[in-house]
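Consider the two complexes below, in which chain A is the common component and chain B and chain C are the respective partners.
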Partner chain A sequence: MRASKPAAASGRRRAQPYLFFYPAFLLVAAVSFVPLFYALRQSVYSADYLTTGGFVGLSNYTELLLHGGGLAAIGVSLTFVVGSLLLTVPLGVGLALLLNRPIRFSTFFRTVLLLPWIISQLVTGLLWLWLYDGRLGPVADAVQGLGLSFSGPLTDPDWALPSLILTNTWHSYPLVMIFTLAALQTIPRETLEAARIDAPSAWRRFRHVTLPLIRNTVLVALVLSTLHTFNTVTTVLVMTGGGPVGATEVLALKVFKEGFQFYRMEIAAAAAVVIFALNIVFTLAYIRVLRSERT
Partner chain B sequence: MKTKPIHPPSRHRALHVAGEIATYGTLLLAVLFVVAPLAWGLSTSLKSNSDIFSPTAQWIPPSVDFGNYLKVFSSPLFLRYILNSVAVVACALVLSTILAVHAAYAVSRFRFRAKDFLLFLVWATVMLPGVAIIVPLYLLAVDLGIYDTLFVVVLAYSAWLIPTLIWLLQGFVDSVPYELEEAAMIDGCSRLKAFYLIVLPLLRPGLAAAAVLVFVTIWNDFLLSFSLTLKDENRLLQTGIYIFVNESGIEWGPLTAAAIGSTIPVAILFALLQRSFIRGLTGGAVKG
Partner chain C sequence: MPARFLASLLAACAVGAAAYGPAADAETLQVWSYLRADTASKDVKERAVGEIVQAFKAASPGMDVAVTVMPWQQLSPSLLRASKSGQVPDVVMLFSPSVQMQIAAGTLSPLQPHIDKWPQDVRADLVHLSQNMAPKGGTYAVPWQLRVSGLMYRDDILKAAGKEPPRTLDELAALAKSLPKDGNVGLAMGFSPEAPSVAAGWFLTTVVGSGAKVFNDDGSAAFDSPQAERVAKWARDLVHSGNDAWPLNVALQGQEQAYSLFNAKRSVFFAMSSDRLDNVRLKTQLGNDIKMVRYPGWDKDKPSPALVQAWNFVIPKGARNEAAAWKFIEVSASSDLQTKLAKLAGFVPVRRSSLKDPWFQSPEAQNIDWAVDYAASHPLEFQFPENTETLYDVWAKMFGQILTDKMPPREALKAAEAEYNRRTGH
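Our next item is the complex of A and B:
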């Protein structure tokens, strides 16, 4: 591989960046962009399972949103996301604050509290499904023990979504916790010491000293947590499959079911495009917040 | 914080004690919340069938029975799923890391045409949720005749992981001083050689984090392999666990044994390699 001619060597040198970068780029493009365009195209054509039919404009979208329960699914998804964030963020930030204190057994606490993070969505869903079991599970057992009639957290339409939110919180608070903890550890001790003298109230210290210093990191964790929850299929599929009576039919699950249970690929493609668009909207909204509040 | 110059007055000490109790109390409650579903699953996995169907919920199995684990982990089919997962992890690890580390090096060290735009496209795919592309990916795989092969599964996971791996590894390449390569190149090393011999060995913590990310993602993912494969011989671990959920009901004993058993290796690795896990799973955003 010794360069014999200067011209050849310089040509090779010029090609080098591309040889380093393009193989990775092309694979990503093939597996991400090509399907995306495929979905965009399919979403405006009719289809009969794998056979693509004629151009139909936006009728797959209207079919999905107006007749196929798409709008309702978006509503359920938003409740799922907001409900999860309302639990995940205080829990994640609060536990990070506690772990950042000089406590005994901190490695033990940190390891155990991060554990749900490395457990798969499928196993999470199955373990909670079993915990929530209406006949044999301890949750129903305890409620029925109080003399109340209760068919189980997941079979009662009022309780199904809150129960899923709790499961999702279990699975996603560690992400918020680890980001927050990392941000807290970058705050110099002296800053906190100084604050201790100026503001004796712990809440005011947190509000005016700690929070501004960790806000950007927490916001990043918030974006990740939002997207994670919004795109969750497996946990919901395993625990309720969208039921009872559509109470937990989130949009992400709808994509999956339209594609792989009902084989309506054109509707699934439209739903996939909608979900992608909403992902971009969420991310951009957060970026705006991040930019505007950084003063 | 260890040395306090003045002995705190007793009221402060009482407050301090109350604060300690609140801290540890909250942490213990959180630990209970985390452990409850795991303990319930573990307990079930160690019960015999008759104990599982006991009308009152028993957290501690009356008698310990490893039958469920034996049944699951001696079944040739389940071992096949594990083997498939290991094989896919290994192939995707090699493919995605090799591609990503070169791309990360290019991003860190070279200027080239449309670099910012291409990078933007790569980052944009991080925002492309898996669920949005599984349906078209499935259609595409069927069209190309590679549906229901481990090949397509490896390709899809690799492509899925590469953007985060580039991001992760670029941070590590950036931290290697350029003078090292420059010195090697002055001594007659080619650029490629300088990269392989000088830079790559210094990226070891980054590569470890990358390996963790690839392993955990593939080991834990259900959706993609479920959508892209059909035959038992091509299915991965998580899909294999789902086998115990079928029309005739759920076999909770073997199911919990499979769920707990498949989680244990990840949990052990996590306890041993926590820094790499934290770095990898946060895409390098948290140093760990």
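Our next item is the complex of A and C:
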């Protein structure tokens, strides 16, 4: 009897963290895992509007990828992501390096440079739609004032996607910038001073001293930017709707259109599962790079 | 089990229960709308909805109305989700293109049994839209606000050039090529997939008016016709005419951008529905120099049929107050209220008897008179498909291919036909 009381109290103490943990876990499971499971299930069943039909195996995936423009949408999405990252990361890192220097009004500049991230995707899309407008936009006005022609890239199948990449870069670089800046500010001053002695060239100091120290943080920002860009719908919907001629139809937009405009829930679910799988692949690839660096 | 743990659990349950709120009052009619009901609002449409609510309350003592406002694009998907969950309101405002889909999804209560109780003359007095009826018959929606699509134009520019408004597509093309100056364009109309409904609606009426069918009897696409090819070629030739008649960067824009272009006085012609005319006159400050003309066809005396669309009221299946919901709809479509709404907001009335009011002969009602005359004299005989968005999206892509010369018109029409049939399971 006397021995069981301490054991029971010890058991309660061990269980206590889980009691605090489970409500939050259940909430996260309800809003994350349950919809994911529902989407996975719906992707292998037919659907009549919101009513689930019979099991159809991989037919929805076949329909999406082989007949429904899914492969093309994946290609557009990958181009959109890679193109955005190629601009976002150097820009974000470069601005962080500048902000890390002892410049005047750095707080003001930091705030202003963060603004694009604060603005919603909808407002970003509308703003850049106006900027790019070949008839009423200020860029067209300025360029035509110089005697040059500017027809508006969003209605040109060759320039619509690069234009969206530029827009997305403008919206996304603050995330990379703020992560990098935070990492830069953790580098000990003595390390940087020693580096100035060993490597007088700024580029060599950055490449051999600074970059290895901030690499992990930049990679985390890269993962988040990748996921964010891959799942972007609003900006693309507002600016081009996936046109012209499907040039900007990213996979995430396909999920929205199939699910909420054409009410083909089964195809939307299949596309959502494909996006999820690609996001997992990207994330695992980044984690592998991180781990290989540690070993 | 420790008492403290039990107390925490009970508290959590109480919070959860409180979050759901009290049950809806049985004497309150739940209405979903994209407009507030406010008779004092600056927005005439909100005042109109306010008038409907007031008229219903006057006719139904003891009943209150709770209006839930949401963006207009959300009404249809929200109704679908609500039907699935069983939490439907009593009345929902739906735009015409969404009604067929909701009928097919089985979310709407039929209104025909209620309409059949009206005397014959009252039944015949209401404007019935084919879009509000099930393919096998029966009305599921009653309009409360009509609009007719047509071609807005700058009468000041035409008069200065000594020209008349176009009555044929060839006349429209000639005017669009010759009139624009100083960077302006001839025609503002866009096929962007972001918002193709106006341009796609123009294509629909022009093809049907040319004598072609768009669908076969089984609902499969029949886009590949000589008439459709002729219209597509006309569009392609105008875009590639080498001037600002209908530039590619306008032809592939969305509807709202075309609207901005016309409001900025940078276009001579603009495809739009009649409900926006007063707003355009106000924004351009050109007043009666902005007029509307019927969509031209190929022949002078045969314009394209009138595309009439409406905001409608529907009763979802499972609505708790169906009798009160029908009363609300009846009141909104009553002749007296429709006359009042026409005078207030310029709406085309849904009751033919409303037009007997002398006000409709006045200059203020000119826009309504134009719309009614067009719709009555050239009705569009067309059974809309289950999902108009799918049709318009396929056509938006098709025109993208035609206008950028990625595909010749005939080939693009065939490809669009196959694409539509694949998407709709035909």
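Throughout what follows, the second predicted complex is superposed on the first by the 266 of 295 C-alpha atoms of A that agree within 3 Å, B and C clash if a C-alpha of one lies under 4 Å from a C-alpha of the other, contacts with A are read in each partner's own complex, and residues count from 1 in each chain.
In this text, a contact is a pair of C-beta atoms (placed from the backbone, for glycine too) under 8 Å apart; a residue touches a chain by one contact, two chains touch by 3 or more.
Treat the numbers as computed from the prediction; the structure is a model and nothing was measured.
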In the superposed model on chain A, is it clash or fit for chain B and chain C?
-> clash
Once the shared chain is lined up, is A:F260 touching chain B (first), chain C (second), both, or neither of them?
-> both
What is the contact status of A:A182 with respect to chain B (first) and chain C (second): first, second, both, or neither?
-> first
In the superposed arrangement, which partner chain does A:A72 touch: chain B (first), chain C (second), both, or neither?
-> neither
Would you check which partner chain A:A24 touches, where first means chain B only, second means chain C only, and both and neither mean what they say?
-> first
For A:L136, is the partner it touches chain B (first), chain C (second), both, or none of the two (neither)?
-> both
Looking at the overlay, what does A:P157 touch: chain B (first), chain C (second), both, or neither?
-> second
Go through the superposed model and pick first if A:V44 touches only chain B, second if only chain C, both, or neither.
-> neither
Per residue count on chain A, the busier partner among chain B and chain C is B
Once the structures are superposed on A, label A:N231 by its partner contacts, choosing first (chain B), second (chain C), both or neither.
-> first
Would you tell me the residues on chain A in contact with chain B in one complex that are also in contact with chain C in the other?
-> 19, 23, 50, 136, 238, 260
Which residues of chain B touch chain A in the complex?
-> 1, 23-24, 26-27, 30-31, 33-38, 40-41, 44, 52-57, 59, 99-100, 102-103, 105-107, 110-112, 118, 121-122, 125, 127-140, 142, 155-156, 158-160, 162-163, 166, 190-192, 216, 219-223, 227, 238, 241-242, 245, 252, 255-256, 259, 262-263, 266-267, 270-271, 274, 277-278, 281-282, 285-288
So, in the complex, the side of chain C touching chain A is made of residues 2, 5, 12, 77, 80-81, 83-84, 101, 104-105, 183, 185, 192-196, 247-254, 257, 260-261, 264, 266, 387, 389-390, 393, 396-397, 400-401, 404, 406, 422-423
Residue ranges of chain A touching chain C (in the complex, touch as defined) | 12, 19, 23, 48-51, 67-68, 129, 133-136, 144, 151-152, 155-157, 237-246, 257, 260-264
Sites on chain A touched by chain B in the complex | 1, 3, 13, 16-21, 23-25, 27-36, 38-39, 42, 50, 91, 94-95, 98-99, 101-103, 109, 111-124, 126-128, 130-131, 136-138, 141-142, 170, 175, 178-179, 182, 189, 220, 227, 230-231, 233-234, 238, 252, 255-256, 258-260, 265, 268-269, 272-273, 275-276, 279-280, 283
